[in-house]
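Labels run A, B, C, D and E following the written order; every chain starts at residue 1.
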Amino acid sequence: MTSSQQEATPIIRANKMNKFFGVFHALKDIDLTVARGETVVLCGPSGSGKSTLIRCLNALENHQKGELEVAGVQLTGKRREIDMVRRKTGMVFQSFNLFPHMTVLENCMIAQMRVKKTSKEDARKVAERFLARVHIPEQAGKYPAQLSGGQQQRVAIARALCMSPEVMLFDEPTSALDPEMVREVLETMVELAREGSTMICVTHEMNFARKVANKVVFMDQGSILEIAKPDDFFTNPQHERAKEFLAQILH
Amino acid sequence: MTSSQQEATPIIRANKMNKFFGVFHALKDIDLTVARGETVVLCGPSGSGKSTLIRCLNALENHQKGELEVAGVQLTGKRREIDMVRRKTGMVFQSFNLFPHMTVLENCMIAQMRVKKTSKEDARKVAERFLARVHIPEQAGKYPAQLSGGQQQRVAIARALCMSPEVMLFDEPTSALDPEMVREVLETMVELAREGSTMICVTHEMNFARKVANKVVFMDQGSILEIAKPDDFFTNPQHERAKEFLAQILH
Amino acid sequence: MNYLDFGGVFSRMDLLISGAILTMQISLVAMLFALVVATLVAVMQLSSFRVVRFIAVAYIEAIRNTPFIVQLFVIYFGLPAIGLSLEPLPSAVLAMTFYGGAYTSEIIRAGIQSIDRGQVEAGRSLGMSPLDIFRYIIIKPALAAVFPSMVSQFILLLLSSSVVSAISVPELTGIGNDIQGMTLRNMEVYLVIAAMYVGLVALLKGGLTLLERKVFPFKFLRG
Amino acid sequence: QTTDESLQKIIQRGKLIVGISLSTPPYGMTDANMKPAGFDVAMAKLISRDMGVELEIVDQVSQARIPNLTSGKVDILISSFGVTAERAKTVMYTNSIYVDEQMILAPAQSDMESLKDLVGKRVGVTRSTTNDTLITERAVEGTIIQRFEDDAATNQALFTGKVDAIVSGVAAAIAISKHTDKFDRKFAVRQSPMAIGVRHGEFNLRQWLNTDLLMLWNSGELQAAQKEWLGVVNEELPRF
Amino acid sequence: MMFQDFTMAHVYYMLNGLLWTIGLALIALTGGSIAGSVLALMAVSRNKLARRIAKLYIFVVQGTPLLVTLFIAYFGANYVGVDVPPLVAISIAFSFYAAAFLGEIWRGSINSVPMGQSEGSHALGLSRVDSMRFIIIPQAVKIATPPTVGFFVMLIKNTSLASVVSITELTRTSQIVSNATFKPLQVYLLAALFYFLVCFPLTIVSRRLEKRLHKS
C-alpha cells in the first residue's frame, strides 16, 4: 500500500509552467508529470527549449508563471526550496563543466564532502565506485584538461551520480562522445534506469529511448507537443511536427 | 587535357608522415592521397589521431618525419608555406573556436576583409549568404555566447565557408547538433561535395559517408588501418579492429 | 674627478644586509595580509548590496589615487589624534597592507570575473552553497588566472616599502640613505642597493613561481 | 694650477649655478611669496654679486645634492652642508660659513642633561644630516635612534609624541621653542661647522670663494645674514 | 618669521607643482605605453631571442627601484661624459621602468586568451599580426584593464621622484611648504587630494571601459 502510494506520488509535476528570457517566451504552458523511477526522454529540434526546461527542473532558472514541484518541493523562488531541489537532483551538462583545478577524483568528492558532509575516505570510496562504473577508474588522478572529451563527459556523469540524487537530469550526455563510448555511457544509463533511478534525459539516441524510456516528450518552440510511449511515438507520432522530425532522424 | 591533368594532381599527399607529441607517437607512417574534388570521411575510435591528422593538414601542427603536400605546397615548417596552406584550407573545429568578442556576422567577415581584402559590403554579403545557407540568418547580430551549441556549430561552418577554401576540413562538425540540424548541415556539406569542393571530414555519420564519400579512412592508435570505398567498408571491412568498431556503431 | 669608489659602501655591507632582510620581512607579511584584504574587498565589490559595493569601491579609489607616503603619515602621525599610537614597524606593515590590498583586489576581481559561468552552475547543480562555491570552485582558478599580474603587484609592493624609511623604519633604502649621508657616495650606494633589490625581487619571483607550480598544477598541463 | 679653469668658466658663462635645498628652513626655504629665501640663499646672493654674475638656484632633494655637484649639474653647493672628514673624500669644502650647535630638544617637563640620560629613550633625527652623523657617533649604548626623511617629519614625530627627543640645529631649535613652549632646548651636544661644497680639483674656484668669505666677514655682511636667518652670530669661523 | 601660516600663496605654489605633475604623468604614460607594448610583443613573439631579451629585461628592470633608474639616467650619463637634461632623463627612466611592468602585465593577459582562439584565426588564414590585432588583443584587454589602470595610477604618483632631477612637482612643493609651515599633515592631505583629482578620472574611464567589455 505505502509503496504503491509512493510510486503514485509524482517526483516532478509541472503545471502550466512558463519561462521568459526578457521578452522571449522560452517555455510555454509546460504540463509534465514524471513518476518516481520513470525514465523520460526529451527530444525536439534545436532551440526548442529542452535545455531550458531541464535547467528549470534543477532550479538553475526560475520559471515565471505556473507551478513546478520537484521531489516534493514546490519551487516558488525561495532559497531554501532551491537548495533542497538541487540536493535531490543531479545534472550532467552538455558542456561538462568539470572543475579544471581539481583532479577527476576531487571533482567527484568535493560536493559529497561539502554538501553531504561525507568523510574524506567515504567520499573517495564512493567516487572510485562510480568512476569504475563509467569505466575510467584509472583516470582518477588526472586533471580534466588531460582527458579526451569522451572521458570528460563520463567524469561529469560520475560526479553527478556520486551525490545519489533522486532524479538525474542529463543534457545531451553523449553528444561529445565517439560511437563506441556512446554505447558504453548509454549502457551505464540503462543500468541506472533498470535500478529504478528516475531519469530525464535530453537525447536524440533513439535506440536508447526505445530500450528504456517510459515516455518520450517532444518539444518544439517552447511547447510540449506530444508525450507518448516510445513505441507509439516512433511508429505513430500524432503531431505533424513530430512526424517531420522523426522522418529526418530515421531517414 | 589540362583539366584531366589537374584532376589527376592530388590536392593532398601524405607520404610516411609521422607526428610525435614529446615521446608519444600520435601519427604513424600516414600514407594518404586525396584528389581534387574528393570527399573523404575519417573515422575511428576516440584518441586514434583523427583530430591530429586533420590539424596537420591545416599546418596547425608540424609533422616530424615523412612528407606532406597540401594544395600544391610541400610543408616543411616554413612560415610562407604554412600561410599558403592555411589560406587554401578551411577548418571547422570540434570545439567551434568562435571569437567571443565579435558578433556572428563579424566572425564571418573578419578573415575575408583581412586575408582576402574583400570590401566590407562584399564581406557582409558573402557572410549573410552562408549564414542563410546554414539556416541562421537571423542570428547575425548576436554574440556567440548568446547562441545554443547547435547554432554555434553552424556559425563555425559558415565562417569557414566564407573563405571559399580549396579544401574544407571538418572535425566532427555535427557533434553538437540535433538530428534535424545534423541533416541540414550534412545537406549543406553534400551540396559542397557535389559542387566539387574537396572535403575531409571526421565524422561518425555513416549515412553521410555512404551517400557522398569517395572513400572512408579508418584509423586506430595513430595508424591508418584501412582505406576503402564506403560500400566496401561497411559491408566488408578487412581489418579486425574496423569490424569491431562497425559492429558497435551499427548495433 | 668622476670616479666610482665602492670602498665606503662595501665596508658597511652588514648594515645593508640587515636592511634587506627587514625589507623582505615587512614585504612578505604585508603581502600576506594584503591578499586577505584584497580577496575580501574583491568579493565585496561583486556583492549584490549597493552599500557593500560602495564601501569597497570607496576604499579602493581612496587608496589607489593618493600617494602612499600620505597614507603612511596618516597612520603614523594621524592616528595618535584618535588615541591610537603605533610603533613605526606596525604602522609600516599596516599601511602597506591597505595599499597593496587596494591594488590587488582589482586584480583578483578581474580573475573572479573571468571564471566561466558554467562552473558556478555545476557547483549549484551539485547543491553547494554560494560560500562553498566561492571557496572551492571559484577562487583558486581565479587566482591562477591572474597570478602573473599579482606577482607584478607584489614586486611593486616590495619596492614601495622603500618609502617607509620616512617613518624611521631601517629598511634597505633607509640604510642606503644613511650611508650616503656618511660617505656622500650616492651613485655607488644606489648601484649597490639596486643590485640588492634585484636580488630580493629575484628571490620573491622565484619563490612565487615555485608556489604557482605547487598551488596551481592544473595550469601547467597541455591545453 | 694652470689647467684649472673652474672660475673662468663661470665668469664667462655669466651665471653661477648654486644647489640649495629649499626644504630645510632656516637655511633653504621659501618666503611668503614663495621666492627662495634663507641663510644659504642669502649667502648665494652675496657671492654671485661679488663674482659679478647672475645667480641661478637649483632646488634639490638631499639624495641628489652630491651627484648634482660631482656630475656638474651645479657649480657649488650651499646646502646646510656639514663638514666631516669622510665626506671630504668626495667633495672639497671652503672655509666655514656658519658653525651650528647640535641641540637635544625635548618636551619641557622631561629631565635630560647629558647623552647618558637618552639611554632607553627614542631620539629622532633627520636621516643623513650632520645631526645624524653626530648622534650615531656619540650616543651612549642603549639610545634608540629613529631616522626620518626630512626635518618636517622629525619635528612632527616630536610633536606627536612618537619620539622622546630630537637632535636639531640650534637655529631650528630656537624657532621651535619660539613657536611653542611645550618643548625646551635641553643641552648642546657639539658644534659643527658648515661650508660650501666644491668639486674635487677646482682649486681656483675654492680659492676665490675663500677670499670672498673673508671679505664678507670683514664687511659684516656674513654676520648680518647669520643674524637675520639663524638668530645666532658666530664669534669666529674656522678656516682651513 | 620662520613658521609661516599655511596660506593661499602656498596652495598656489602647490598648484603650480600640480601642473608639473600632470605634464610628467603625460610623458610617463605615453613613453611607458609605447615601450611596454614593444616589450609585451617581444615577450609573446615566436622569436626565441626576442623572448629571452624581454624576459631578462623585465627581470632586471622590475627589480630596480625607479629612483635608482632615474638616478642612473640623469647622473649616470655624466660619468660617461654626456649631459642629459632633466626632462629627457625622466622620459627615458619612466619609459624603461613602465615597459617592464606593462610588458609583464600585457604578456600575461595575452597568454590567458585560450589557444583555440589563435588556432581559429590561423585556420582562417589570418596573419599573426592580424590575429593579434583583431582576435587576441581585444580579448586580452578585458583581463588586462584593471592591472594596467592600477599601474598607470601608480606611475602618475611615482612622478614625485622627479624632484631628484630638480623638478619642483607636486610632492616637492608639498615638502617645501610643509617644511616652511611645519604642518605636514595638512599639507600632505591637500597634496593627496590633488593627486586624487589627477588619478581618479583614469579609474572612472577604466570602470566604464570594463563595463562595456563585459557586455559582449
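Just so we're on the same page, a residue touches a chain if its C-beta (ideal position, glycine included) is under 8 Å from a C-beta of that chain, and two chains touch if they have at least 3 such contacts.
Everything numeric in this text was worked out from a predicted model, so none of it was measured.
Visitor: What's the minimum number of touch steps needed to get from subunit B to subunit C?
Guide: Graph distance in the chain contact network comes out at 2.
Visitor: In this assembly, which chains make contact with subunit D and also with subunit E?
Guide: Chains in contact with subunit D as well as subunit E: C.
Visitor: Using the touch definition from the top, how many steps at minimum link subunit C to subunit D?
Guide: 1
Visitor: Between C-E and A-C, flag the pair that has more C-beta pairs in contact.
Guide: The greater number of contacts lies at C-E.
Visitor: Through what angle, between 0 and 180°, must subunit A be rotated so its C-alpha atoms fit those of subunit B, rounded to a multiple of 5?
Guide: In short, 175 degrees.
Visitor: Determine, using the mean of C-alpha atoms as each chain's centre, which chain is farthest from subunit A.
Guide: Using the mean of the C-alpha atoms as each chain's centre, the farthest one from subunit A is D.
Visitor: Hey, how far is the Cα centre of subunit B from the one of subunit E, in Å?
Guide: Measuring from centre to centre gives 47 Å for this pair.
Visitor: Let me have the rounded angstrom distance from the C-alpha centre of subunit B over to the C-alpha centre of subunit D, please.
Guide: Taking the mean C-alpha position of each chain, the two centres sit 82 Å apart.
Visitor: From the C-alpha centre of subunit A to that of subunit B, how far is it in Å?
Guide: Roughly 32 Å separates the two chain centres.
Visitor: By the touch rule stated above, which residues of subunit E touch at least two different other chains?
Guide: 67, 71, 75, 78-79, 184-185
Visitor: Of all the residues in subunit A, which ones touch at least 2 other chains?
Guide: 95, in rising order.
Visitor: Note the residues in subunit C that touch 2 or more other chains, in rising order.
Guide: 2, 73, 77, 186-187, 222-223
Visitor: So which chains actually touch one another? I want all the pairs, not just one.
Guide: Pairs of chains that touch one another: A-B, A-C, B-E, C-D, C-E, D-E.
Visitor: In the complex, go through subunit B and note every residue touching subunit A.
Guide: 45-47, 94, 148-151, 175-181, 183, 204, 207, 245, 248-249, 251
Visitor: Would you mind writing out the residues of subunit D in touch with subunit C in their complex?
Guide: Going through subunit D, the ones touching subunit C are 62-64, 66-67, 70-71, 84, 86-87, 89-91, 124, 127-129, 132-133, 146-149, 153, 156-157, 160-162, 199-201.
Visitor: In the complex of these two chains, what residues of subunit C are touching subunit A?
Guide: Residues 116, 118-119, 121-129, 132, 136-137, 140-141, 144, 216-218, 221-223 of subunit C touch subunit A in their complex.
Visitor: In their shared complex, at which residues does subunit E touch subunit C?
Guide: Counting only subunit E, the residues touching subunit C are 59-60, 62-68, 71-72, 75-76, 78-79, 101, 104-105, 107-109, 111-112, 114-115, 142-143, 145-147, 149-151, 153-154, 157, 160, 171, 184-185, 188-189, 191-193, 195-196, 199-200, 203, 214.
Visitor: Residues of subunit E touching subunit D in their complex?
Guide: 2-4, 7, 9-10, 12-13, 67, 71, 74-75, 78-79, 83, 163-166, 168, 172, 175-180, 182, 184-185
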